[in-house]
Amino acid sequence: MGYTAAVAGASGYVGGELLRLLLAHPDIEVGALTAGGNAGTRLGQHHPHLVPLADRVLAETTPETLSGHDIVFLALPHGQSAALAARLDEDTLVVDCGADFRLTDAAAWKRFYGSDHAGTWPYGLPELPGARGALARTRRIAVPGCYPTCGTLALLPALAEELVEPEAVVVAASGTSGAGKAAKPHLIASEVMGSASVYGVGGAHRHNPEFTQNLSAVAGVPVRVSFTPVLVPMPRGILATCSAPLRPGVDADAARAAYLRHYDAEPFVHLLPGGSWPTTAMTLGANTAIVQVTVDDAAGRLVAVAAIDNLTKGTAGGAIQSANIALGLPETTGLPMTGVAP
Amino acid sequence: MGYTAAVAGASGYVGGELLRLLLAHPDIEVGALTAGGNAGTRLGQHHPHLVPLADRVLAETTPETLSGHDIVFLALPHGQSAALAARLDEDTLVVDCGADFRLTDAAAWKRFYGSDHAGTWPYGLPELPGARGALARTRRIAVPGCYPTCGTLALLPALAEELVEPEAVVVAASGTSGAGKAAKPHLIASEVMGSASVYGVGGAHRHNPEFTQNLSAVAGVPVRVSFTPVLVPMPRGILATCSAPLRPGVDADAARAAYLRHYDAEPFVHLLPGGSWPTTAMTLGANTAIVQVTVDDAAGRLVAVAAIDNLTKGTAGGAIQSANIALGLPETTGLPMTGVAP
Amino acid sequence: MGYTAAVAGASGYVGGELLRLLLAHPDIEVGALTAGGNAGTRLGQHHPHLVPLADRVLAETTPETLSGHDIVFLALPHGQSAALAARLDEDTLVVDCGADFRLTDAAAWKRFYGSDHAGTWPYGLPELPGARGALARTRRIAVPGCYPTCGTLALLPALAEELVEPEAVVVAASGTSGAGKAAKPHLIASEVMGSASVYGVGGAHRHNPEFTQNLSAVAGVPVRVSFTPVLVPMPRGILATCSAPLRPGVDADAARAAYLRHYDAEPFVHLLPGGSWPTTAMTLGANTAIVQVTVDDAAGRLVAVAAIDNLTKGTAGGAIQSANIALGLPETTGLPMTGVAP
Amino acid sequence: MGYTAAVAGASGYVGGELLRLLLAHPDIEVGALTAGGNAGTRLGQHHPHLVPLADRVLAETTPETLSGHDIVFLALPHGQSAALAARLDEDTLVVDCGADFRLTDAAAWKRFYGSDHAGTWPYGLPELPGARGALARTRRIAVPGCYPTCGTLALLPALAEELVEPEAVVVAASGTSGAGKAAKPHLIASEVMGSASVYGVGGAHRHNPEFTQNLSAVAGVPVRVSFTPVLVPMPRGILATCSAPLRPGVDADAARAAYLRHYDAEPFVHLLPGGSWPTTAMTLGANTAIVQVTVDDAAGRLVAVAAIDNLTKGTAGGAIQSANIALGLPETTGLPMTGVAP
């Protein structure tokens, strides 16, 4: 137990997933648990599945309650991390699960989030080229959005090796936990069960600029991305169906070879054997991304599919993976490689 | 009750949906109910929700049991309709819910279905240009596939009015009933609930040539289509997210205007008010297609989304809609305009 | 179209289901649609599945907006019906889908609802002995609760024919729409999907006194009832598993014979063939109750199971069934006998 | 890694769950994986969520492939364990997840399973009085059925402390994975999603004699049990709603005190704070049972509810818990105390 970690926003879904994973982490001990409106309540009220922490009472989220830890995980609504982080010790490892420090483009931030840009922190997707080096040297980490994590891992080898033109279509089916715990009319069970729906269509979703940023960085040229999220009746999981126009001469074997090269050594990215395709059930509760690729000659497109658990690899697990790197621990420490199925 | 209808394949999902709708049809009386392996059993065993027909016993599917009706609906595995239809009276209206007579391209049929092409019947998607005329004069109707119905209705105005380049990406989330009633390991509830998955990726699904046929007919030029079906945990419904590269100068208003022009008079296609997006729940049990369209300027694509119930507008309802036309009845006769929600 | 009907509370789930059914009713025309907080909005915003009424604007719920109709259906939170009903014409048929006028026992009302008892109207469960006569003569109808409808139909013949001792255990699995459309934290999809839960345990649910009232009326002696509702991940449907101690000499054949006698002529209660058991899917969208009974000799109990759609037979359909009786129409007019499955 | 374990029946759900848990067990190493019809295939084909074992090939289930391990877990269809176990070394710890050795009453076995009784092994529910002692001394363990595990833990303190009469009603909602992986028509997703159903009604389910055996052992007198399983649309989880007639003078406080006494020191049984009730989501993937109790004075019954994950505490986790005891390891070794929610 070398390190202690505070979790701000412990009563939400991301906070709960961080705690579930930290309870199994051999080198990190759970410290302060804080919340906003839920301060003063028992954790067991919000996360009865976390039996060992059920009687812990949530403190208020303040710089004081969070101080004195080696690591602070922020699981807050966007816009709240900057002020808090500014008052945390520079030596504290601050891992922001929100959006505030993900984007490098201040104008894009303003356009999609409406407020002034808080800045940019090293981006916590270790599988991106160069990311591990930056994460190893930082005390501040911006955890990626769940959709960009999934879609970027699906398309990374294709764009990095120039198998496709720099334009992508991503349609991603997602479970409901990505929308958080707030009770909104369109998210009540009666509306969701038995129904699939789209939202943020036509480039309106806030993960759009993050997609553009990631895929362009991988490709080395600007990539145009059409991204549509689809809400489907399951609590967890994202399945991203991604495609892009094939460059001449690229066939299925070349595509597969590129994906194997890129992902063979990645501990949390698993390329399925040929002919098998990802399902979100394969990843439930695990920090894995399951990937497959093929080409559609008639349509002239490469098609890649990735599945993740939006709360694990998509947020809390990815956060701990990056924290492991920043702490100098083995990257896989304490992170589940297996899902819970069926 | 001007007409009588036999239903071949009455124990399957399409057969059951045909019967549900026919029970509410004022001008068609349910006649013979036939089946293959389930011949001799009570209908109530297979469709306990069809209480008024629960005690009807299924006859064997033969030309003899089907003869003597004004209409014969065939809800059979593909490859079985041709031989049967050949032995039915030429004056009988034969409506094939299977794939056998949908494609005009014999080579495409052979490639995707493996057998020799049986022929081509008038295609039962009344919303396609020219379709109503052909349906009014025929005694043989090929009911479209559920995915092509949904995707074609999503993209029809965009391609017909040349708002987009002739290449489309369709990613369609579907409920499980489209896979039929056969018990296959990947379709058992434990595997499906809580999970999203893809199949037929890379142009492998049999509905690919039908997509190409429909969209090319609408566009007047060959259209390349990348189609990926996504299985999501719900019994019914298809939500097709479709996009295509915008032609210069096309904006959201122009797109919407085109869709309004095409669909304003269509009884079963409902363009939502701006800002609202389709959900499959809106269509459950109804013969409606719910559509919305926008443009993504940053990505340079038009994005259109359509929702249908795969068993109703996607198969059995569409079949009856086309049959109404062929019989000279008002097209909407007996078909539900409202879904069952939540 | 002999009659017009107003629907108060049209934006909720019961209001929506009333409208879905009224649109298919040959003798009732939809009149005013009213709401509380949602007054002034389009119906299509709340019930996009009701395409033909999508552009109707909701009026405010007042005696004035509701007046001038032959029938007024009230689908309001409990406690709001009495004041409104007092100001509606005595000749207007007022059908209250809420709880206000269900109970005969003022003390029980006070204990479970906390307010003063508003009174008692004829109880709209036509299958109860004597109910049809009372309904035929009234202009005021109290629609039963969904759980009591289901559980009462399950146990009615057993208690009426004294097959069992007057004490019953009812455990009823329910979909989420019974909880209405209000966004509450424990009803969001992420919490409900993949989970079963109990509530109102130990006699705390408000339907308890209604159970006692119904079952005691049937038995002719006071019946003790232990009722536990179980929330399960589906939008609609109630499956009530009911049992009671067998009286000496009662076997499965006797039980079945009693159920057949009671339900053979009931248009909306369907006793399954021996060996088949109800599922809620059999009733989705239908006004049917599906019932089965057996005895457990080892446990010394009769076990009866009933399934209904909580919004149809359980509320809106039952309301129209009773209204049909009060209007002198055939009881089955306009009510679906078939469910939507799968 | 003191011990090695073979898993027979590795391709099924219980086998998969055993492997998921064993991968996280610090003292047990996964040895041979065997199967029946699936011998020769990759484990990844059956359990793609078990990424670290994906490329292991299944051997055939024989005494030879299973020999040479410290522990053999049998996850086989009932009736297959006896012959196999007879040929395994007496010093090998054999843990049978099937039903073969659970019952002490040979006649009950014959009546419910149809074959001759194979014998009785120490019963692997450590929370039963006296169970831990027997398990500590044995090399043969019969893992309880999932329903009896859940219902017994719900009622144990009430019967042990004579709070209730010796007759119980258990209605247990279950996810589908308890039915295993075989593709049966009523278990396909289209049939299950959106529907609740009963089966094995009237004392017909094979877990009935096991309920009687457990509850009678706890009570010290014969207990009559009425048990009804309810299938609900979720992959995992059992929620047992249990009740029994109160003895005179027992109130809610006395009931709670008894439950606290019994469960305070149990590592895997968690009594919720007063007013909170179990949900299956609290237990998903965990080896915990979540319990609550109250009394219904009007009905004169004690009502207790327990939730478990049928595959974890209900089978594979319970199996490892008992194995830990038999091996002399701390009982909680390697077993998850936290669920995966939402």
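Odds and ends about this structure:
Residue numbering begins at 1 within each chain, and the chains themselves are lettered A, B, C and D in the order written.
By our rule, a contact is a pair of C-beta atoms (placed from the backbone, for glycine too) under 8 Å apart; a residue touches a chain by one contact, two chains touch by 3 or more.
This is a predicted model, so every value here is computed, not measured.
Comparing mean CA positions across the assembly, the chain most remote from subunit A is C. Of the two chain pairs examined here, A-D and B-D, it is A-D that is joined by more C-beta pairs in contact.
Between the CA-based centres of subunit A and subunit D the separation comes to 35 Å, rounded to the whole angstrom. Separating the CA-averaged centres of subunit B and subunit D is a span of 45 Å.
Among the residues of subunit D, those in touch with two or more other chains are 13, 175, 177, 190-191, 193-194, 233-236, 279, 281, 284, 342.
If you sketch which chains touch which, every chain touches every other chain without exception.
The touching residues of subunit D, counted against subunit A in their complex, run 13, 16, 20, 23-24, 42, 44-45, 47-52, 54, 177, 193-194, 235-236, 270, 272-273, 276, 279, 281-286, 288, 290, 336-342.
Put simply, subunit D touches subunit B in their complex at residues 13, 175-177, 179, 181, 183-185, 187-194, 233-235. On the side of subunit B, the complex with subunit A involves touching residues 167, 169, 171, 173, 175, 190-191, 193-199, 201-203, 208, 212, 224-228, 230, 232-237, 239, 241, 243, 252, 277-281, 284, 292, 294-301, 303, 305, 307, 342.
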